[in-house]
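After this come two complexes, each holding chain A, first together with chain B and then together with chain C.
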Partner chain A sequence: MSSSEQMATDLQQVLQQGRHRMTPGLSGPQWLSPVRARGAAAVATMSLPDRKQEAWRYSSLGFLDRVSYQPLVEGPFDAILPGDVEDLLLQDSDAVRLVFVNGYLATALTPAVRCCDGATVTNLTAEMGEVPEAVRTQLDAIAEHRHVFAALNSALMSDGALIHVARGVSSAPPIEILHISVGLDEPGIAHPRHLIVLEEGARAEVIERYCAMGDGSYFNNALIEVALGAGSELVHERVQEESPNAQHLSDLHVRLEAGSRYRLVQATLGGAWSRTDVRVTFEGEGAQAELDGLMLARDQQLNDVHLSVHHKVPHCTSHETFKGILDGKGRVVFDGHIVVARDAQKTDAVLANDNLMLSREAEVDAKPQLEIYADDVKCSHGTTVGELDANMLFYLRSRGISEVQAKQMLCQGFAEEILQKIDHPALRARASGLLAARLMESV
Partner chain B sequence: MMLSIKNLKAEVEGKEILKGLNLEVGAGEVHAIMGPNGSGKSTLAHVLAGREGYEVTSGEATMDGQDLIGLEPEERAALGVFLAFQYPVELPGVNNTHFLKEALNAQRKARGEPELDSVAFLKLIREKLALVSMKPELLKRPVNAGFSGGEKKRNEILQMALLEPRLAILDETDSGLDIDALKTVSDGVNALRSPERSIILVTHYQRLLDYIQPDFVHVLAGGRIVRSGDKTLAKELEEKGYGWLTGQDEAA
Partner chain C sequence: MSSSNKQMDALVAKGYEHGFVTDIETDVIPPGLNEDVIRFISARKNEPEWVLEYRLKAYRHWLTMTPPHWSSVHYPAIDFQAISYFAAPTKKPQLDSLDQVDPELLRTYEKLGIPLEEQKALSGVAVDAVFDSVSVATTFRQNLADAGVIFCSISEAAQEHPDLLREYLGSVVPHTDNFYAALNAAVFTDGTFVYIPKGVRCPMELSTYFRINAQNTGQFERTLIVAEEGSHVSYLEGCTAPQRDENQLHAAVVELIAMQDAQIKYSTVQNWYPGDEQGRGGIYNFVTKRGDCRGARSKISWTQVETGSAITWKYPSCLLRGDDSVGEFYSVAVTKGRQQADTGTKMIHIGRNTTSTVVSKGISAGGGQQAYRGLVRMSQRAENARNHTQCDSLLIGDRCAAHTFPYIEVKNPTAKVEHEATTSKIGEDQLFYCRSRGLSEENAVSLIVNGFCKEIFNELPMEFAVEAQKLLAISLEGAVG
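On to the complex of A and B.
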């Protein structure tokens, strides 16, 4: 039996279990049932993506034939204490924190979450209560099941963060979602699910992190939905530092109402196979999205970012800058697709993708695409692929800096344009430090 | 001799540029190397600093008796060789303070000296900034990125002041500077003159030498030094141009 068949079988079992509430992880509250059912129905009609599909042409799922993932069930992870994960925590961070282990809320690691009045930070799959039903109904209303993994997540979602900021409330401090994967004897698949809802005029900063204890093999199939009410503003900072043997898929869906602002900055540094699908939809005029990302693909790593930005209405702005650093036989896939609808006049869209190759064996597959149906827009895209600049290297070395250190400094400099957009000092320091450490092993 | 260059031949992309160059520079001396465009002035500067692609085919260059040619650029820097670039390179994303500190500490480490911590370094760099009248905010920016021509040259002299080389080679440091900037940069260089530090000024124009008085002036033409003298030679060149010397070279 191939792994895809195995996977389907496993999933069927899990679904059955879920329906009968036999698996603790799927025994969530009643209100989730329709979402799970819809996801399960979609799974039944979909197959695994293959490379004949354009969106999956360059990101092979071959690993599914080599590894059979067991569904991860909840805990017990009570044995994991704060001291065990200390090196994964942000230093001197003021953020309130929700910690998940293998998809499930780790209560021992999550200090009592106390945000400010008007902001709720809780476990998505908790029973109904403090979060209004209107917020709950956003779940699965923003995402599209564009591939079976999204549907799987809806069917099998584990725990996740639910962040709700009420109308006009500016949520301070930052809110951190920390997902920790603990390698088990058998490779496992987890389906973290997060929902972020900002009401009209609300503001928040959300940090989303994926870390690992050890270098186990596992598959994180995360799905994140973001709904931004009119005039609201979200700073969304994501750092993926999965185990070198992990697969990580993030399916991120963002819906912007009029005048809202979304700023995404992410650094995808870890994993053997990493893919982020970002789908942004402008539903109201005058909204802005800025998406920035750093992709590290060291030897044998694949780092894929697919952007899909839909300008459905006029006067919206989307600026995307994604940078890749590749070494060894590393691979970067960048697919940036911007659609400007016929009515979306005065759209301002800029898409840039720059790649730095440290090795001749590395590969970049970049596909920036602008699909424009309006006639009064300002849109541009550009892709570059280059090596380290010999003049820059010589300049540094002529000052006494070793060749290895000079290369690291230039790589770090290349990444800096993205990293400096991380507002949160502790997160920026961590991403920067991780990059430096990983480049140290590379160059 | 501090720097001793004997019958140095070097080529760039297979083309011989230096064709048997001899030069002796004593400790504490300031030598100006002048010459027409394409005579090999910048090539000499880059060969001494160890730039890749500038291949020495024969001859030697030693500093205090130690061979330079076989060394990596960073090893030469640690020995005390410093090249102020004609076109200082912009390093996007590399913070200037970080760069200066890493450079200084790399050299100190290579020489077996203790590295400076951030506090000690900041104290030191503030002193040096004053020497070149550089705006402190330029320390917070990426190296040379978006700097004006004058700011870039000041940043070069700042590096020289910080790294305290024993041999400083200034490649056309006067190019692209207005008179005020030229004066500031020259004042900085003059402040760094010392009995232990030798300076080679590579320049096309006599103008720089009004501000930094050389002990010796050499004319480089066709890859060789064709005439050496004291600072009066520079005056003579200003009056007569290079033609009478390069003509002599061709005749020889």
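On to the complex of A and C.
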């Protein structure tokens, strides 16, 4: 049996064990069953991605050969008290917080959620309250099972946040989804699943964070769906600071109706292997998406971002800026794919990817792609790869700044363009601090 | 927009100007491919034993391969057993002078506007005309021989320079490289061999006109150019083909080798039959082109103007192995009607201080489909390597498509890579500016399109630049009315 066949078998086992261990209470309410069934059916027909597949050309799943992941069940995590996770929380944050430990809602760490009228924040297993009908119908309606992990998530989703903002409502406090992963003796695989639905003209800010207690080994297989009604606006801020031994896969699907706005800013800083797939689909005219990201890859880290932006209708705008900083044997993979459909005239799409290499062993693989079927469009992409500018270093050093400090300043300056776009002050401060600390270890 | 509709209609209605068939008896073997066919080809060409061995090795490897499907071009599956793998004009002329060449053949060239005599007399270009698969006219042999330059067909090289051929054949594109390269290695019928000795600057531009003629015969040309230390050569390749209803496969292999301080400039103007307005017929142009900058400070430059073929699928590439070596790729590709193109380049930086420049201009009109696909790889050793890539697409009409798929792989921090791509149509403001200065719309568009491609035409040798501009004008005639 080849190793890929072996892995596929392992995957089936994960699925079987996951189902087996999932008692009816854990598998959530009845309405999830059809979604799970669809996911399980898809898993059965799919195989593990391999590097011969274009979308996985640069992201090897070799770690699956070495580690056999066990499905995570709700465990003794109630024992974790707020005091234990103090240093993982945002300081002076006004956000409403939902905490998930190893994929399950940690009630002890989640304060009673108080949102404004018209905004509903609950979870998949409905411990936090009823799930509105408008939300139920959207679950799994936006995502596509583009790879077996997405299907696995649908089949085995453990828990996750459901956010619904009613028509015209502007949800006042930001909503924070905090994942805390605790490494166990046997590495586990968690399947967090979130859904954000904004009705017509609604507005919200959602913070999504991935943290770890300790430096254990685990696999986070998250799937997030976002449905934006006409004229709505979502600010989506994501910071990934997983354990250095963790695998992280995020599959983010966004659907925009006419005139809606989506702003994503993310910083992917941790994990041994980290990949984020973002798929944005424009379904209505005049919508806008702005996607920005910072990727840090040090030591043996792989940091992979795949974007896929589909302009299906005219008059939409999408701007993407992704920056990578590499050190040690770090690898950054960036794949940005913009598709402009026939008749999606007056599309304005700009994709930029810049990479800064600090070491001799690092590697960047970039693939910015344009696929255009309409003629009256403005589309461009640009990619650069280079090292720190010797002149800039010299300038700083001639002013008495040490080499280490100068390098750090230049790196932070490079990253600042992205980090500045984080609206939430506490989150911005945390991301900046993390970056500075990691750069300090590097340079 | 009415003007763009008009443009499109006129484009689509435009027939293929070079669609005529020359009636020359050809010696064709029945369709099909097996080891006997390969032995037949080899025997007919009186090849040394090792060439036959090479062919058979390639054929046996080809049998284990499947046609690649990763590109953005679409075409019905090719039946390789339905192709006839050898077609040679039966009256092989003695090559003392052009007078002995079949007059019918010469008239063909005249119709194409490339009379050999005139070229010989006026432009000083030596032409090795390939009519189907066998060279029928070779000119300027003596001039070149005096300079020590070998310029002959591959078949002749197998007879007269077997050692050179044996050393270099398949050394850049091995027979295992890809499906079509393996097929070519098994059945290549003819092609050109060029050898420039050490320190020689080739006294004239070398040129070959390829022409596919007999129905149902694939052309499997093989070109090998070796430039020894400090030498210099400029090679031109130009193509047209007569109108046919059935698709014709053209799977050529071009290998360039540049030693220390050597320079090779390879220019192509390709105008094969693109098929009719329903997309019937037309040439499948699946070519493997690769240059190897083996020595320090060597340079290989690819320039191509691609206006023909139903499908163009090729990536002229440079392996920059020598320190300070230079690779260049300049391309204009025009697709209209049902034409498809998936083209680009690979720049593999291995040596230190290597530089590469990629400028690709795509013009898509009517229902034309076009993709730029390129790879820039900076290996760990490629200290201070530089690459600049620019891909621009111009869209004319709302039924065409333009794609860009660049791959950038960097493993050295001192390497600098820049990639830019834009897609646009002809700006209303640009048109307005020209028209307000008294230019007709047609002239204005022509001016803008020529300006769009100017960077590439500047890279072509003089004679070719004129031909290329003419070709572009003809291709887009009506599109700009």
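Operating definition for what follows: the second predicted complex is superposed on the first by the 412 of 443 C-alpha atoms of A that agree within 3 Å, B and C clash if a C-alpha of one lies under 4 Å from a C-alpha of the other, contacts with A are read in each partner's own complex, and residues count from 1 in each chain.
The criterion applied here is as follows: a contact is a pair of C-beta atoms (placed from the backbone, for glycine too) under 8 Å apart; a residue touches a chain by one contact, two chains touch by 3 or more.
Since the structure is predicted, the reported quantities are computational estimates derived from the model, not experimental observations.
Using the contact criterion defined above for the overlaid structures, shared-chain residue A:A366 touches chain C, although it does not reach chain B. In the superposed model, A:R399 lies in contact with chain B only, and not with chain C. Of the two partner chains placed by the overlay, neither chain B nor chain C lies in contact with A:A126. Contacts of A:V350 after superposition on the shared chain: neither chain B nor chain C is touched. Once the two complexes are overlaid on the shared chain, A:G413 sits against chain B while remaining clear of chain C.
Once the two complexes are laid over each other on the shared chain, residue contacts for A:L48 go to neither chain B nor chain C.
In the superposed pair of complexes, A:L434 makes contact with neither chain B nor chain C.
For chain A, the partner touching the most residues, choosing from chain B and chain C, is C. Using the contact criterion defined above for the overlaid structures, shared-chain residue A:G382 touches chain C, although it does not reach chain B. The part of chain C that touches chain A in the complex is made up of residues 4, 70, 378, 380, 393, 395-425. On the chain B side of its complex with chain A, the touching residues are 49-53, 72-74, 76-78, 82-83, 85, 88-89, 91-94, 98-99, 102-104, 106-107, 110, 142, 159, 163. For chain A in complex with chain C, the residues that touch the partner chain are 54, 342-343, 345, 355, 357-387. Remark: chain A residues 389-392, 394-403, 405, 409-410, 412-417 touch chain B in the complex.
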